[in-house]
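Down below is the structure, laid out as structure tokens.
Order of writing sets the chain letters: A, B, C, D and E. Residues in each chain are counted from 1.
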């Protein structure tokens, strides 16, 4: 019945591989694999990547960068300007600003990154579920989100911090940090949920999702293989900026006396402690602030580069 | 060709109304978009049924109903003796191995963030029993070869292919589970002629090789004629005429079919000044509020009072020739003279 | 500046001259203007402008002087006869009478009226009949029993201008106390409608109350009928509320504000304020001291006497006052403000209040030998809503460095977010660590620094310190009829504090204030507030 | 649309109830006796505390308190604060100021953020784009109190261009700098969101059509492109209106503005929850209404959005 | 250089072709390299004439049209060389402001997908009226009146009621008619229609083509119809330019081309059309895929897919051989193609 030549002929019609992408039939590749391939060739990626590594190493092994003890205070040298033996000078308590800036990276980055991760997880899950299930669940989750967004930020922070880690209990460093992270995430997730929701709704109506359903794909597969990778870009952009605003928000909470507290060293605390002294000794605030800005810039650039690389059109 | 063999797909009185709701506190249904409104037909093994009709007449909705991507308002779709519209869970999943779909738009129906290998291999991951894990990659490459793609391109992304090639990827995905039925929803509409020919040849070849049954949806009548054994003409959710290709093209009896055929531009400039056209007036009415009686009457030059009062059934009529037609005044006439 | 005044900055003409208004820094009072209910500085300051007391304190020397009283006499310091000056008037025109005083004092003391200052009358005969204790504390389910009467038997109106006060025991400082707000009189108008009076009082001071825009400003006008010897030199004072000292300071520098007594740390640093303000800077002293206190009720953080002494000697008061306060505070070696009667140098604390790391370590070792093991982390608590962090951190650092890394204890500054919570923890005796205490004198006398703070069970004895001998000595001093004798006894009592060292003196507050270029003659009282009669507008 | 608005307004009720209850509940859960700090350095007399407790109904169960709150709210009676000052009158004074400040911040955020976003989107990858990106990010990462303090000293004291603080009447001119400070944090978000959508829409067919129609460049960008690119920025600004108003705490402190933020902060510090709860509820309401407004504005900006 | 636009078109005396594209080269500078999208396109159109531009997807039809309109994205696009003469004036040398005036008034364009080409957020009437307001300085009310007139002219039923509706509220055919109304608003001399009916049904397509023909008759405008629908071309075109790989490979009158194509690509195209008599047989398909613009084949761009290919084709770029009069073919072996025997 069948004519064996029918398909045979067509194979001849196969076009030559275009020169744009060299044919390689080696290992199966994945989105992430290819993203990496593209990133490898981007300058902006490497710049931000190197910076990120520097920051991460700083966070993990601050002692590599400075041999000074960030806690050691020589009050007599309070607010001394930068000099050859203390590159960034001394702070109000007579501690070495350079050492404190280096040691501050850990807390600031942990808080910024973990709070963002929390926000993305919480907001992402809610947003995806709301968008995917739709109907009343969508309304319900959206309204719950509004409740959280509606509560004034500082009030929310005070309430959560006050009831989870009351000062009377003399909470330890880790607990306070955890609670600050939770506060930022709990009060911040609804915005991300909205972004994720609209991105997923957009992706949901694409034909390829229908196609996957026609193949018999279940919700998990559709969400993880089809919806999420295609909604990642706006989430990524928002998340990377958020890291920056969270590091700043931590500083504001510190200033109000409800965020991280003294034995903890962070950029936010350094900035909050020394803003008032900007007229007599700007160095004590400007150096940590500069590190903070650079760190934010690093994350945003990295996010931008990854988002670009995730865009299949650029391949 | 059309060997009247075993029926693989049986569609009976299929209806799909999309509800229009309104209300503040609770939603009340105030009407419905009658996207598909009572369609019946059979599909035999190895046969191709072409479906033509204007945009918005319900072709894609029909396709989705057949695939159980939408639940019908009523009616049934029997695939190999089982009603797919009521199937759920693993049963539905299992039935889908026998009926697959090629989507209209090769640009949006492939996930831009998956490689071709992942796209074509996805059916195997979903139906993990079909091909063992280590054999999948090879199978995907075979499939790519079958549809005439270079198996080395397995790691490329959809946007690195031309429209025709992308459509082949879609076809390869549809073939993966070796279904008996493939529903092609306008598989060549987005392609240009030279590529269209490649895809049609491919579909033809595959049909012969695997004895597939196709539902071929399109609005290009010459394409449909080329590939189909039988053709159904839809207008506003209804089938208005159905018959073999020759019956429809040479002896159309429904005015809408006639208008449609006469509007098809003929790729030959000779005698174009003399060619007679039935240019329909007005736009198709809204499916939410279709005209009473015959739905075509608002644009029909033959319309009379009865058309508004009585809905014409799809049946063989005195003058309709040898095939059913849903027009009170059905009369076969040859509207296409050339080629 | 507020109101309609044109912005300061430049220009030769004095914008204040036009309407005679000056703008001074203020803050929102916590209670309405019922003198017996006011006990914080925001309300207290403006209260002093509008209410005169029987006596006032000299704005230079802090010495008590007669104000509304013509005479205050007592043969035995127990029964006091107070005579008012004739012709004094309330702002509604009614005369100030002896009855006004007696009624006001009774009202304040009567516990169902829930006045903050009621306890001030504890020494008056019959107080226990008007004020009843809640038997089961403030949280208890039972209501406090209603007092027997609402009049104290110790108060007696003799005639329109004379009344007699009988105390339960002799009190040497009674006369000095009378300058405190709580001892104000209240006019008849008050008793008709206390609630609206609180918002818009009828007054008897140098200034008349005009209006109170909550959280924004309080306006007072010079009282034309003021009977005092010194008259107001400006027509109007606007008490402009600031949430932030820096904001007020910025306004002061740019001459939009005429006076602030709070120069923020940012300006104190590097003596910026002196270069910012030049001859507009005012320096002085005020009767406020800073201490830190051990919670003696807590085994772990209460420590023992040697440990507490070790901590005291480990604090480098001089460097801290130099660096953190830019010499704006003076290291203390006693528990008394240098401004008051009874202060002496060297102070009672002596070498225990001198920085000496070696001795500190010695004492620490002694403390450990005596069986006290300090916890690894030793917090120093403060309220985070005011500027304490800097010095607390510096203090903690100083102790840590004096003790050295092997001390086995690390001091850490810890903030309680708000003053409210801070007070709550203190009063419920749940402090775990050293905590910030301080004392702002109510009246300039050594007694005011001892009795409320160190007597067993005293109201502000926040560390629950108790020393029978000290109590006895204080009682002796209280009842001594000769003022000099009394002071000597108080000084003896103060010296006894070195034994337990339950509260560590740190420093006494200097005073840094500033004026705009539009005003002159500004004097600041030892209480750290503006003397409203001193401020005058410069001639243009 | 009217129907949609009504439904959304009805949906507001449960959200509002949920939020106020939550705030009510949590606020009174906070550690610390509300009256502990009302007596300076001395502990408050028991009589005083008992009287206050009774007066403010703190001795009653939380649900009863909430019920009273709701009942009073409905009758428009917000009661008095611990200081016996009418809550309604305090709100009446500071609310307009905060609204003015918040709206100005929104306008600044919108105008500057969108302009910056458009410019950097049109010149993607160019010098201007980089300058805008970096400067908005620096604004973003600098905490508000730094920006506020710096601008106050620079403009208020050094240059003497503005008054360092805002007078009680809070006229518009004096609010510009504080409003900018308040908006600075969100500027970066607005600019980046606008930039992204400008880049997306710039290549769209309708922009081409507009050029092909012979429209001037100004008109193409200012009318055709902009209108279509506003939605993401608008959404963001809409959701932030509420937080701008409550987030004004620090800005209001720096510039001594007598607004809701300061009132809220003071009240929280003093544990004067009689005023915290109404303010918070009011802010929630503003937030929800702003959101509703934005949603309705969508329909104006993009007629394709249908309300059901 | 002060090149002034020829004065008002009413005098209608311009002698040469109305619009001439002369040896146009357009490139795109992308990350991957330089894509030569248009490699020397030459065509012209006269008043009242219909030129159909045929060609596979990606052959540069739209880019040429966009270059004429001046709506090319630059960068990445770049006009490497060539002239576009409108009434004898080279548009590419005109200052932007002058150029802008030509758009809409001299040359207008309609796009394939009317839904995305119409601004979704403005009422259709507004979008039509904008032409009058911006080019003619009319008042809002007058411009609206004109818009209604135009909508009537393109047969939108109940135009008056629908001026304030938005694009998404119209069906595909009506949207395309609105695009047309906008394009003909100022009576342009040349109308470029870039695949105006590809997205539409045959019945609607017939309506639209009918309308365009009628408008052309009325105002004698030149029409450049870009499409790859050979049926439509056969129906309406006067002459045809076939493009492949950014070049014109054949120029012919409609009858000549359909009767006897002179380029193997054009021939293959015509043969790919499904025909009744070929039912059941395999369709002819041009093998392979369009050339990669980043890496054009040497010689004739079509040679990898060409049944007539010989060595010469790999090395030499074929010039546009004149066959007769205006007819031309860019194939070395056009004679063999005409004769119909492949080698």
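Here are some notes:
Keep this in mind: a residue touches a chain if its C-beta (ideal position, glycine included) is under 8 Å from a C-beta of that chain, and two chains touch if they have at least 3 such contacts.
Here the structure is a predicted model, which is why all the values come from computation and not from measurement.
The chains in contact with chain A and with chain E alike are B, D.
Across every pairing of chains, the maximum count of C-beta contacts belongs to C-D.
Inter-chain spacing, taken between the CA centroids of chain D and chain E, is 53 Å. Rounded to a whole number, the gap between the C-alpha centres of chain C and chain D is 38 angstrom. Per-chain Cα centroids separate chain B from chain C by 90 Å. The multi-chain contact residues of chain D, meaning those touching 2 or more other chains, are 31-32, 149, 153, 265, 268.
Along chain C, residues 246, 385, 417-418, 421, 425 each make contact with two or more other chains. Within chain E, contacts with two or more other chains are made by residues 282, 285, 289.
Listing the residues of chain A that touch chain B in their complex gives 1-4, 6-7, 9-11, 13-15, 17-18, 20-21, 23-25, 28-31, 34, 206-208, 210-218, 221, 225-226, 229-230, 310, 312-313, 315. By the touch criterion given at the top, residues 203-206, 208-216, 219, 224, 227-228, 301-304 of chain D touch chain E in their complex. Chain contact summary for the complex, chain A toward chain C: residues 72-73, 75-76, 78-79, 92-94, 158, 161-162, 167-168, 170, 256-258, 261-263, 273, 276-281.
Against chain D, in their complex, chain A makes its touches with residues 139, 143, 146-147, 149-155, 158-159, 162-163, 166-168, 191, 194, 234, 237, 241, 244-245, 247-249, 251-252, 255-256, 268, 271-272, 275-276, 278-279, 285, 289, 292-293, 295-297, 300.
On chain B, the positions that touch chain E within their shared complex are 1, 54-56, 162-165, 192-198, 200-201, 204-205, 219-223, 225-226, 245, 249, 259-260, 263-270, 272, 277, 279-280, 282-284, 339.
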